[in-house]
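The same subunit A turns up in both complexes below, where it pairs with subunit B and then with subunit C.
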Partner chain A sequence: MRHNVILGLAPLLLPYCALFCAGLTLTLAQSMGLFLPLGPGEATLEYYQALTRDQGLGLSLRLSLFVAFFSAAGSVLGGTVLALALWRMPPGLRRVGVVSKIGLILPHVAVAFLVLLMLSQTGLVSSALFQLGLISTPEEFPNILHTGSGLGMILAFLLKGVPFALLLIGAVLFGFDIRLIQTARMLGAGPLRTFWSVTLPRLLPAMHSAFIILFLYAFGSFDIPFVLGESHPGMLSIRVFDIFFHRDLSQRPQAMAILTVMFVFAAVFAMLYNRFAAYMDAWRRKL
Partner chain B sequence: MRVTFFLSLLFLALTAGCSDAPQEESVLQQDYASLEKAARGTEVRWHMWGGSAQINQWVDTYVAGEMKRLYDINVVRVPMDAPVFVNKLLTEKAANKNTGTMDLLWINGENFKNSMQAGVLFGPFTDRLPNFAAWYDPQKAAHDFGYPVDGFEAPYGRAQFVFEFDTARTATPPADMAELAEWIKANPGRFTYPQPPDFTGSAFLRQIFYATTGGHEQYMDGINPELYAKNAPQTFAWLSDIKPYLWQEGRTYPKDAAALDTLFARGEIDMGMSYHPAHAQMKILEKTYPDTVRTFVLAEGAIFNTHFTAIPFNAPNKAGAMVLANFLMSPEAQLSKFRPENWGDLHALEVQKLDVAQREAFDAVDLGEATLDAGTLSAVAVPEIPSEYLELLERDWDKFILGH
Partner chain C sequence: MRHAPTMLVLAFLFLLPVLVLILQAGAPGWRYPELWPELGLDGVRFLATRPGPFLTALTGSLGYSLATVVLTLSMTILPAKALAYSSFRGKTLLEGLLLLPALVPAMTFSMGLHFIFIKIGLADTAPGVILVLSMISYPYMLRALTTGYTLMGREYEICARNLGASKWRVFLEVELPQLLPAMAAGGSVVFLVAFSEYFLVFLIGGGSVASFTGYLFPLITSSNRGLGALVTLVFLAVPIALFIVLELGLYRYHRKRRMR
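Right after this comes the complex of A and B.
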């Protein structure tokens, strides 16, 4: 029986194993000094030890976490608010929601360039304000993209993330049985209480999924940081890219070690987050 | 059961593509005429950096056309960054893939060193090429960033580092390092350089290293760690000194030369730089830069380097690749490449070895008003540093300037 299931899944499992697992295995091996184009080829943990000594790496990790958290949380919040607003609209007007699909269709890198074109100090917004006489020099325009805190990247992630969260949460909301709310209202619950006890619990699973997907994507993504990131501290993905492509071959295991750590972090984070979500859910039910 | 199944799949995945039989290397024993004959009617896949529309067009029209006409060879240009194809070769070598997909590479510097150390290049082959023997000075092409070439690379162009400025914004450019520092401090926020290890940014770093530590001669004999440790602090002191006056107060740097060009073109900064003397002229012709842009060099020197072509160990058409490498070194191809409307790349051959008519043709090339003349450039030309120094400089730049 189980045999049949595996056979049936083989067309999917085979490419998955060949590409994903082989890549992962090779990354792990190279991070420990094995299968390298150069070097002695003995297993060692020295590259992981080097990571712990590298202070810049800590800063990069902090920035990656910061950007990932705020872009995911902001996207889920924005997506939820928009979904609720859209849901309250009369059915005819709900079609306005189609506008949000633009953000879904645009590739990440295009959104990154959009932010760059609009918001840099000599960008379109700054030029327009300058031409209108609202600012006297382009330098007066706030320096949004170079604050050192990844604000530009967060903005780009929000542009992509809000429509995504809206889609996920909206799908739950539009399939929602309106009678539940009517019942709550009839039993005397105010609008806040209805939202807190009836609507929100049904949205939470979708919100959690959106958060975890967006968080992990932003944490490891390369395209938006490549266009909008700053030199210091760089995002982790950009660091790996630099070491892998621009540095000496002997430093390659270091890039692989960072990748491995990122992968382990993503896996552990997803696991812990799910636990946390389940715990919160149980706790809410007790209330 | 399940575990063994997965393990066997994994094993299959890892060993896929390991079955090619080693092929015989007879190419190096043949004379050039028979190579040409063997290459007739074949296809040569040239992997090269594809970031310049003008260079791409020159390869697609002039090079491809002449190769077809003279040797009946189809040249296919494959755009790929050098670190990417070096990586591809490393992977192919690890998988024992003895018949690859790349015939000729445009390569130099660290990428060449990495490839040589990993043994993924074919050669030595330049001694088989008649144009190399006829028009080139083997001494000048003996080292690539201080790493011995040993005949594994055929020179085909030269580049030199220049600064760019706009006469409409800056009346007179700085003449030497001291004036450059003064200019940067007098114009806060109007100067920056691409973040090393970007090619151009790293070259700027080496310029400063030479200029602040008393010239290039001391570094030419390979790495000397004590010398570096003694001299490098002066370089980083100079860079830290100007840092607060840079664009964005030196907190961030443009990612690459293209990002720097954009800042310069949009007027966010007043000075650009390029490792290609005719770059400003190209940008003016492209209408990206205003007509008033000019280039300048500092009295302390301007680094030049040679760029090369090389053949992968597993190139399927080595004979064709050698014919193409030979053609690129010919006076005709070098002249065509030298013309700014085609590319404007400096020639790697020795002009004095040419006959009078050919020499006059080279002299007659007008590189455009924004490009410095060959005399000015060669007067300040200094060679590239051995790549071990380059790695140390890039590492320490991260540490001292970026604070990583």
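Right after this comes the complex of A and C.
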């Protein structure tokens, strides 16, 4: 029996180890100065020590966390509200929700392009304000995209994230047993109370999954920050890219050290978040 | 119209961008501060006169994305069954570990993997790109198939085996038809992930693997917004066309089976 399980899992475990684990191992090794293109070196932690002295890195980390948190939280909130609104529609009309698939299909590069088209200082919104006579030069339009605020990136992530959250949350909601709600209402619960104690608890697992996936994706993603081109301070991924491709080989371990820290953060975050969500769930049930 | 606000929000979020893309594609010279573009067909004409690089990029992306779907399917079909039907110690941990490649930043392992690929000659090749794309996308296929197996249950398989069908025949005639929706769902996500990835194709493919994202990228960062918008629209149309074909195919397949 046990033999069978291992055999059944082998087609996945082999490539998992050969590609994912091996790739990670090499990232880790190079961050410690081993197996570099210039030849094998000696194991050292100096590149990690260098990270703690790098002030720009702190700013990049802060921007990455900021963008990841607000884009994920906004997407989950927006997706939940949209899912609830669609849920209230008659099933035939509910099909209009299919347009949200556009956001899922458009690649991140294209979504970032849309943000550029709409919100750059010479973009469409700026043009509209000019025609309305509210501004007279492009410079008067607030510089949203290149100030290091991350706002443009958050908007781009939202356009991808809202339909994703809608998909996950809608899948639970549209299959929801309506009798549960009717019973709650019959027993005298108001609409708010019904939502709070009957509907929401059943949506929470999907909301948590959506949040964790979107948060970690935005945290480590490259495409959108690259197109929207903010580099002072850039997202962590842009910083790694710059060190990796635009500086000399001797700095590569530093890029790998940042990547290792990002991996550990993502793995630990996913684990702790899951624990936390399960704990909160158990605690709420006790009440 | 109680539901008008919802419709407006949906239209604003998802239809307006497409409208902007269509207008921009039809008006390459659309510039600040004009609000209404002067339409022209320069972009279409440009693609029609020099279709070579565009078609190479499109077929390249389609090719490695479909190959990624096939590879992830063959990687996960047996493991999904094992995960759905057997319980063993450390199963939850293993499931968590197997989800990691889709959760952690792809850069973290792909940059190390790039170095290995250079050493073994897989860098700058299509197989290398397919392998790395499979790594970031298989968790979606695994999840879909595991759910599919769990929903199906073992009864059909046991029954068919008792009636004397071989393992292979059980898979083909009993399990496969019931798993098709799960495969289609997982395959759609895997295709989208592979088709829209820019960075990994750029890193592992190194410019010698033609990709649609790689073709689009210089267009949208340069001043040629009209052509960029046109290519983005194709980007939207190709997956939609594929999904429609897939839906129709599944529908006809099921109707045929029912008639038999």
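Operating definition for what follows: the second predicted complex is superposed on the first by the 277 of 287 C-alpha atoms of A that agree within 3 Å, B and C clash if a C-alpha of one lies under 4 Å from a C-alpha of the other, contacts with A are read in each partner's own complex, and residues count from 1 in each chain.
In the analysis below, a residue touches a chain if its C-beta (ideal position, glycine included) is under 8 Å from a C-beta of that chain, and two chains touch if they have at least 3 such contacts.
Keep in mind the model is a prediction, meaning the values are calculated, not measured.
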Query: Does subunit B (first) or subunit C (second) touch A:P233, or do both, or does neither?
result: first
- request: Check whether A:T122 is in contact with subunit B, with subunit C, with both or with neither, and answer first, second, both or neither.
  value: both
Query: Does the superposition put A:L82 against subunit B (first), subunit C (second), both, or neither?
result: second
Message: Between subunit C and subunit B, which one touches more residues of subunit A when both complexes sit on the common chain A?
response: C
- prompt: In the superposed arrangement, does A:Q131 touch subunit B (first), subunit C (second), both or neither?
  reply: second
Message: For A:L12 in the superposed arrangement: first (subunit B), second (subunit C), both or neither?
response: second
- prompt: When the two structures are overlaid on chain A, which partner does A:P37 contact: first (subunit B), second (subunit C), both, or neither?
  reply: both
- request: Could you tell me if A:F219 is touching subunit B, subunit C, both of them or neither one (first, second, both, neither)?
  value: second
- prompt: Which of the two partners, first being subunit B and second being subunit C, lies in contact with A:A22: first, second, both, or neither?
  reply: both
Message: Taking the stated contact definition, name every residue in subunit A that is touched by subunit B in one complex and by subunit C in the other, in rising order.
response: 2, 13, 19, 22, 25-26, 35, 37, 122, 226, 229, 244
- prompt: Which residues of subunit B touch subunit A in the complex?
  reply: 1-2, 5-6, 9-10, 12-14, 16, 81, 83-84, 87, 90, 93-94, 110, 114, 117-118, 189, 195, 197-198, 248, 251-253, 255, 266-268, 391, 394, 398, 402-404
- request: State the interface residues of subunit A toward subunit B in the complex, per the touch definition above.
  value: 2-3, 6, 13-14, 17-19, 21-22, 25-26, 35, 37-38, 54-56, 59, 121-122, 139, 143, 146, 148, 226, 229-233, 242, 244-249
- request: Please name which positions on subunit A make contact with subunit C in the complex.
  value: 1-2, 4-5, 8-13, 15-16, 19-20, 22-30, 35, 37, 82, 85-86, 88-89, 93, 96-97, 99-100, 102-110, 112-114, 116-118, 122-124, 126-128, 130-131, 138, 159, 162-163, 212-213, 216, 219-223, 226-227, 229, 237, 240, 244, 255-256, 259-260, 262-263, 266-267, 270-271, 274
- prompt: Which bits of subunit C are touching subunit A when the two form their complex?
  reply: 3, 5-7, 9-11, 13-15, 17-18, 20-21, 24, 31-35, 74-79, 81-83, 86, 88, 94, 96, 98, 100-113, 115-116, 131-132, 134-135, 138, 142, 192, 195-199, 213, 216-217, 220-221, 225, 228-229, 232, 235-236, 239-240
